[in-house]
Structures are given as structure tokens and as C-alpha cells.
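To keep things simple, chains are lettered A, B and C as they appear, and every chain counts its residues starting from 1.
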Amino acid sequence: MTLDTFVLQLTNGLVFSLLLFLMAAGLSLIFGLMDVVNLAHGAFYLLGGYLGLSIVRWGGSFWLALLLAPLLVGVLGLLLELTLLRRLYRRGHLDQVLATFGVALIVADLMRAAWGAYVEVVAPPALLAGQVAIGGLAFPTYRLAVIAVGLSLALGLWLFVERSTVGMQIRAGVSDPQMAGMLGVDVPRLFAGVFAGGCALAAFSGVAAAPILTLYPGLDSEILILALVVVVVGGLGTLRGAFFGSLIVGMADVFGKALLPEFSVFAIFVVMAAVLLTRPAGLFGRATATRGA
Amino acid sequence: MARPPWVPIRALGRHHPAPSVWRATMENNAMRERWEQFTNTGSRWGSLVLVALLAVLPAVAPPYLRSLVIEVLILAIFAMSLDLLLGYTGMVSFGHAAFLGLGAYLLAFFTRSVGANLLQALPVVLLGVALFAVVAGFLALRTSGIAFLMLTLAISQMLFGLAIKWSSVTGGSDGLAVARPYVGIGGATLGFGPDRSFYYLTLASFALAWWLLRRITASPFGHALRGIKANEPRMQALGYRTHRLKLTAFVIAGLFAGVAGMLLAAFNRHASPELFGWAVSGEAIIMVIVGGSGTLVGPILGATLVHLLESYVSSYTELWRLVMGLVFVGFVLFAPQGIIGLLRRRGRPPSEVELAAAIKEPEPAALPKERRT
Amino acid sequence: MSALLVLDRVRRSFGGLCVTNAVSLSVAAGERRALIGPNGAGKTTLFNLISGVLRVDGGRIHFDGRDVTHASLDQRARLGMGRTFQRNNLFPALSTLENVRLAVQQRAGLSARMFRPARSYHAVTDEARELLDRVGLRDRADAAAGELAYGQQRALEIALALALHPRLLLLDEPTSGMGPAETAELIDLIAGLPREITLLIIEHDIDAVFRLADRISVLSFGSLLAEGSVEQIRANPQVQEVYLGQSTDEVH
């Protein structure tokens, strides 16, 4: 691998990592707060992408898609939380996870019915369609934009969770929901909000990734599983873990595919196995790995 | 417990509950026990009658139905094996398809490189499955609960990716063809083609798997697994090496799933990467939950219902997963104990403990967890 | 008499709070030792450290001449430590008999047997029934453990611990939440245990402590305050101040 291809792959790895992060951040926060793994998260990612595709096709701009699709999916997430998950709070987390799996099946089939089983390509907005030359290397402008947006969103999310009042409530809820409830935090509302927000983030990631990864049935589970690995590697329930986990998994995926195409999946899982053997709770986990169903 | 003489021995094997009659008699413990046995792992007579009925089925049923029953029986083995983890031990594996696919692919490898004699293939394939199960289980069991679910999912997905990408060995997304299997000792061979012989091979495997799992779940080991599900830290305080027991259960479940995978590959004459997919693992969970987890009859019922629903609905619409998803969410919401739970509820009023368990799995209470410190 | 259990400067803290502060303790084989102290003195934490539920931050634990500092909860149980929990910790959905059978089959080394039905191991069932008899639960064998009355659950806890044939029995407030009659029965039961079982008991009922214990250790704020015979502890002014405080009148 020459230095040039290395730099290009590094860029691709960063792009993929940040897209993964947007997926995994929602997944991880939802898990940290509610102890629920949202198995419909991948479906929401893909739904975001497909909605974006339709918005662009109906004459809306890519930018509108980037705004509207997450909003729609966020509302869907909110409805799901209010109608389905809330009924299962008292019953334990396993049932909630299973319910989200049912939703994943339903949404996946509805998407297949609505958008068919073809590979759909979404063109990046004209403004970002070209390439940028840096140091003799040509980088696709869109990918650089994704990096910029991804990093700023990561920073924004971090600031939101660390600095804002709502963020403080979320952190309180992650570390001890009961205590947070006693301190006057409206826990059900917080759950609903974080769940909806996480789904919206996934959808945003789906729209942003569509020009790069395309859209096709089955992408939902592929992305979901990578995001799950991210969360396992990074540690459940932490934003920092989701970020660094995404970097590790994203890079392992991109470089694995470049170096050992046949065994690229192995790269990711070797990383995961190594992390689990040394730190069962993940790199940044607070031994939460023993929590759950 | 002694059975009062006026309780008919086989009463429960024969008819399904007529609620009014039942409620009156269900006070009786022996009766209750038999009903639970019947809906739990299957009463001896009930299961014999079922297997006997299935044995005469090919004589009267069209080939189409025969194939359908073959698939149901294979899936029933698969679902029962998953329930050993999910329902009995409380380990929610979302990657059980790994073993189904592994059984199928290892059989394919074996028939291509050595031969299609099942008597030779079986030990080799099972050894391979067991080795993988030990390694995967060792890794996955470093966690529990939701993290375990995610890890098992990730591990099976790794095999899926390998099956697709490593095409020089696995045939990529086309999968691998499987030679027509036979059983051969010396010069005598018995081939299993698309005729009745394969049906009986499957039925025999199903009956054997059911019988073995009944023995296992009723054994001290099986009881220990239930103890782990109810309260693992307490089991440790009683001196149980729970990690080892869970790993053993994981390997046993993997072996049965591997057998199901071998049968499936032999039946389809093909091993395809989809067998590793998370949809397959998820479908198995649906079968177990819809039928009734923590039982053996439940997964059998669930496999039957889900597969029949699938083949029925898919003949009308492409969207059978949608229908299945809706049915599944309905069960999770309104009947988490599955069909078995519904039957039992009709049979007698649930005790307080069962109500509590239906609302929430009992939480291991008093052991402070190290993580809180 | 040789020491069965030796704690050597065992320490444990939670966050910044030192809950067990260099506790050294030696319990002789066959001895009956009570561990007393005001609420929050760290008695249950000490039990958790001894039985392996929690790990020590420092110090050593020896059991029967063996260093078990790093042994796991289940290893220690198999070495002969049986314990009960302050809050009932059972298998609520399983029958009372099945609860005890689980303990008996483990001790008998049968828990890996997977081909014969558990019910066909009659020796296990018989022993479990005997134990239920012993703790007064004979009539409740088929009831789900979760349906037992509170006091009965306490008794079942003890049956579970006894099923392990422990050499050291750790009882964490066995009579808590029990009425006077039940308490008296339970104390009789404990007092009647064979002397081969070394006893370490946390108990708030002072009369029970004075009746059961050969020696008493007093824990206060994570440290060992005093240790001695019943008479010595009774007469110890420091102990009276810290623990017995108001109740000295009743004791005398």
C-alpha cells in the first residue's frame, strides 16, 4: 500500500467511522439510558436513506432530505416508544429488545414494498459533487464534507450531553434512572426524547451515507451489526466509547477490505474479540456489560 | 407425589382442556403436574402418538406436504436447541444461526472432500461445530444479558460475512452444493433422496433430538440451568460453576442446531450463506417466544406455526416478514409466555408467582454486584 | 483447636468510603462466633468479603489453612462455606423442595449429570426433604419458594446453606423480620446444629447472640472494636457505649 492510497483509505475510514458513530451514538445512549438495544436502529437508518431518496426524487433538494428525513424518522421513533416500548417497561428489557426486532422486520418489509429490492443511488448535492486536491491527492468533496459535518455533530452531541441541562439529566438517567426520577427528572419523557433523537440520528446518518454506501435491502442489518460491534467495543452507554469504537471499527473495516478482501469481516471481529478478552465491558465501559435482560 | 387413584393416568394426553371441567380438577396437584409435563417437554404418550402420526403421514400426504413437514421438523430441532439457551438458561442468543449454517457448510465441505456418508460426516461435523461453540461461547460468555445477545449476533454475522466474502472456499453468495447423502456400512448403503427416506431420516432425528433434550432438561444439569436462569449469583453461592454450565449448555445447543443445519443442507442439497443470517436467528427466537419459551413443546409448536404461516402467507404476498413481525410483536405484547402460556392460562388460574414471573423475570436480589462498587 | 477462618488485615472501600478497615479475625474450628455492631458497621460487607461475593482491596483470607483471597464465590462454597443472605435470596419460581435439591445435588457432585431425570436421584430428594423437615418446612415442600411466608423463606435460606454440608456457616441476620415465636424456633434450630459446623453469625437480637455465641466480635465503622467471650463483651464499656448503648439495662 503506497502512502497515497493509505491516505485515501484513511479518509474513507474516517468517513465511514463518523457515519457509524452517528448510528452508534443513538444506539449507545438509548442503551445506556433505557437498557434497550434497539434492533430497529438499522431499519431506521435505511428508512432515513430511502426517505431522503424520495424527497430528492420528488424535487426536494438533498439538503431538505437531510433535514426532513431525520425529522420524520424521529417522529416514528417517538410513536414507537410511546405505543410499544412504554408498555413493556415493567416487563424487562428482553421483551423490549424482542419488540424492536419485530419492528425491524416490519419496517424492513414495508421498505421493500415501497422502494423495491434494487440498489438505489443518491447523488450528492451539486455543491459537493466535485473533488478537492490536497497535496497532490484528489479527495471527493462530499466525503470531506461528511467528515466535517460528522466531527461537528460529534462535538455538538458531546457538548449537549456534557453541558446542557437535558444532557445532565441524560447522564443522571444513565448512571441511575431511579435516582434521576427522584431528583425530579421526568424519566419517561427523557426516554421518549432520547429514543426519538437516537432514531433521528440514525436516519441522518442514512441520508448522509446514501451517496457513498448506496441503499439496498439488507443494508439495515449490515449497518446495525457494525454499530452493535462499535457499542460492544467502545463500551455500552458512553458517547466517548461510541466515538472511539466507531473509529476502531470503521478503520478496521476499511483497511480490512483494502488489505484482505476475503477476510475483512475478520478484522473487525478480531478487534472485538481482543477488546472483550481484555476488557469485557468495552474500552470505555463502566463494567455495564453485565447489565441487561 | 402419589397420584390419587381416581385421577386417570392418561387423561391429559388425550384431550385438550375443557376449561370448566379443568378448573374444578386442577386443584389436584398430580393432575396439574401432568398437564404441565404435557405442555412442557411433552408427555411420553403424547410425544409417541405425535411421532407415530408423523410416521404414517407420508402414506396419505402429498409430496408437497411431506416437504413442508420435513422443514418444520428441522426447524423444530433448531428452535428446541435455542430454547435450551433462551428459555431454560436465560441466555438470549441472537446468533444461533451460526450453528445452523456451520452444520450445513461443514457437511457441504465434507461431502465435497471426503464423501456423503452421513455416518462419517456426522462425527466430523459435530466435532467442528463443538470446537467453534467452545470458542464462541467462551468469548460470548464473558458478558451476559443484552451484551451477550449482541455478541452472539456479531459472531454469527462474522460467519455470514466469511461465507459471502471467502468465495474461493465457501462459494460466496451462491453457497455450496451438497452431494446426495447416504448411510453406508461396508458395502451396504442407504441413500436419502427427495423421497420418503429423507422424511424418515428427519423424523428420526427429530424424535431423537426431542428425546435427548427431554432427558437433558429433566436432568440435574437441566435443573441447574433453570437455577441459573432464575438467580445466577445465588447458584454461585451454592457452589455451582455457572460459567462452565452455561458454556456446556451453549455447546449442546450448538450441536443440536448443527444437526438441524446438516439436515437442512442435505434436504436442500445446498448450503447457502443466508443460513448464517440474523434473520434466521431472529426467526428461531420468534418460534421459541411464540410457542412458549422454557419448554420443548413450545418451540415445536412455534416452529410449526411460524413455518406454516410463512409458507401460507408467502404464497399470497412477498411481505410475509411483515405479517410475522406483527404476529411476533403481538405475542411479545399480549402473550409473552407464548401459545403454551395461553394454554396453561386456560387450563388453570396462574399462581401468584407465575403472574409475577409473567410480568418480570425474578431479579437476582441480594447479591451486591461488583460493578456498583 | 486450629483456626478454620483467618482474616488478615482485610480491607475494602467503596469509592472513597472505607467500609472494611484492616479487619483481622480468627475463628477456630467448631467455634460459634457472633459478629455484632451498629447498623452500617460493615458486617454484611465483611460477610461478602469472606464468602467471595466481593473482592478484597487488600489483606488475606485463609480458610482451613488455604489462601482463598482470590478464590471465587463458587470455589469458596465448594470448599465448605455456606451462607445465608440478609435479604431472602432464593429461586422464587421453583418449589421449596427444588430449591433445596439444587443445593444438595451440587454438593453431591451431580450437577453435570445430564441423562437421568433429576427426580430419579432419590438420595438427593430424600436429603432435601430431611433438610426441609429440620427447618420446619416439611408441609411446604411443593409450594413455590416465592409463595412462602417471610419467616419460612428465612428458614429455607438456612436449609440451602446446610445442604452444602458447610464447615463454616455464615448466617446474616437469620432472624430478621421474624416474629418472637419464629425467632425462638430458629434460634433453637441453630443452637442444635452439630459442633462440626463452625458458625459465624450476624445478629441484632442480643439475647440470641448471648445464647448462641462462644465469642463475640464487635465491628464499628469498618474496624474491629473488640473481641472476647460473651462475658468480656458484656462487660466491655467501650462496646456498651458504641453498640449496646441504651440497651445495657435490658441486658442486665
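The rule is simple: contacts are C-beta pairs under 8 Å (C-beta built on N, C-alpha and C of every residue); 3 or more make two chains touch, one makes a residue touch a chain.
Model, not experiment: these values are computed from the prediction.
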Identity of the most central chain, Cα criterion: B
From chain A, the most remote chain by mean C-alpha position: C
Rounded Å distance between chain A and chain C, as computed from the means of their C-alpha atoms: 49
Separation of chain B from chain C, taking each centre as the mean of its C-alpha atoms, in whole Å: 41
Distance between chain centroids, defined by C-alpha means - chain A, chain B (Å): 32
Residues within chain B bordering two or more other chains: 370
Set of chain C residues in contact with two or more other chains: none
Chain C-touching residues of chain B, taken from the complex the two chains share: 1, 29, 215-216, 218-224, 226-227, 230-231, 233-242, 245, 248, 351-354, 356-357, 362, 364-368, 370, 373
In the complex, chain B residues that touch chain A: 90, 92, 139, 142-151, 153-155, 157-158, 161-162, 165-168, 277-279, 282, 285, 289, 318-322, 324-326, 328-329, 332-333, 336, 359-361, 369-371
Contact set on chain C toward chain B in their complex: 14-15, 48, 51, 53-55, 72-74, 77-78, 83, 85-94, 98, 101-103, 105-107, 110-119, 121, 124, 142, 144, 146-147, 160, 163-164
Residues on chain A engaged by chain B in the complex (per definition of touch): 31, 35-37, 84, 87-88, 90-95, 97-99, 101-106, 108-110, 112-113, 221, 225, 228-229, 231-232, 236, 261-266, 268-269, 272-273, 276-277, 280, 286-293
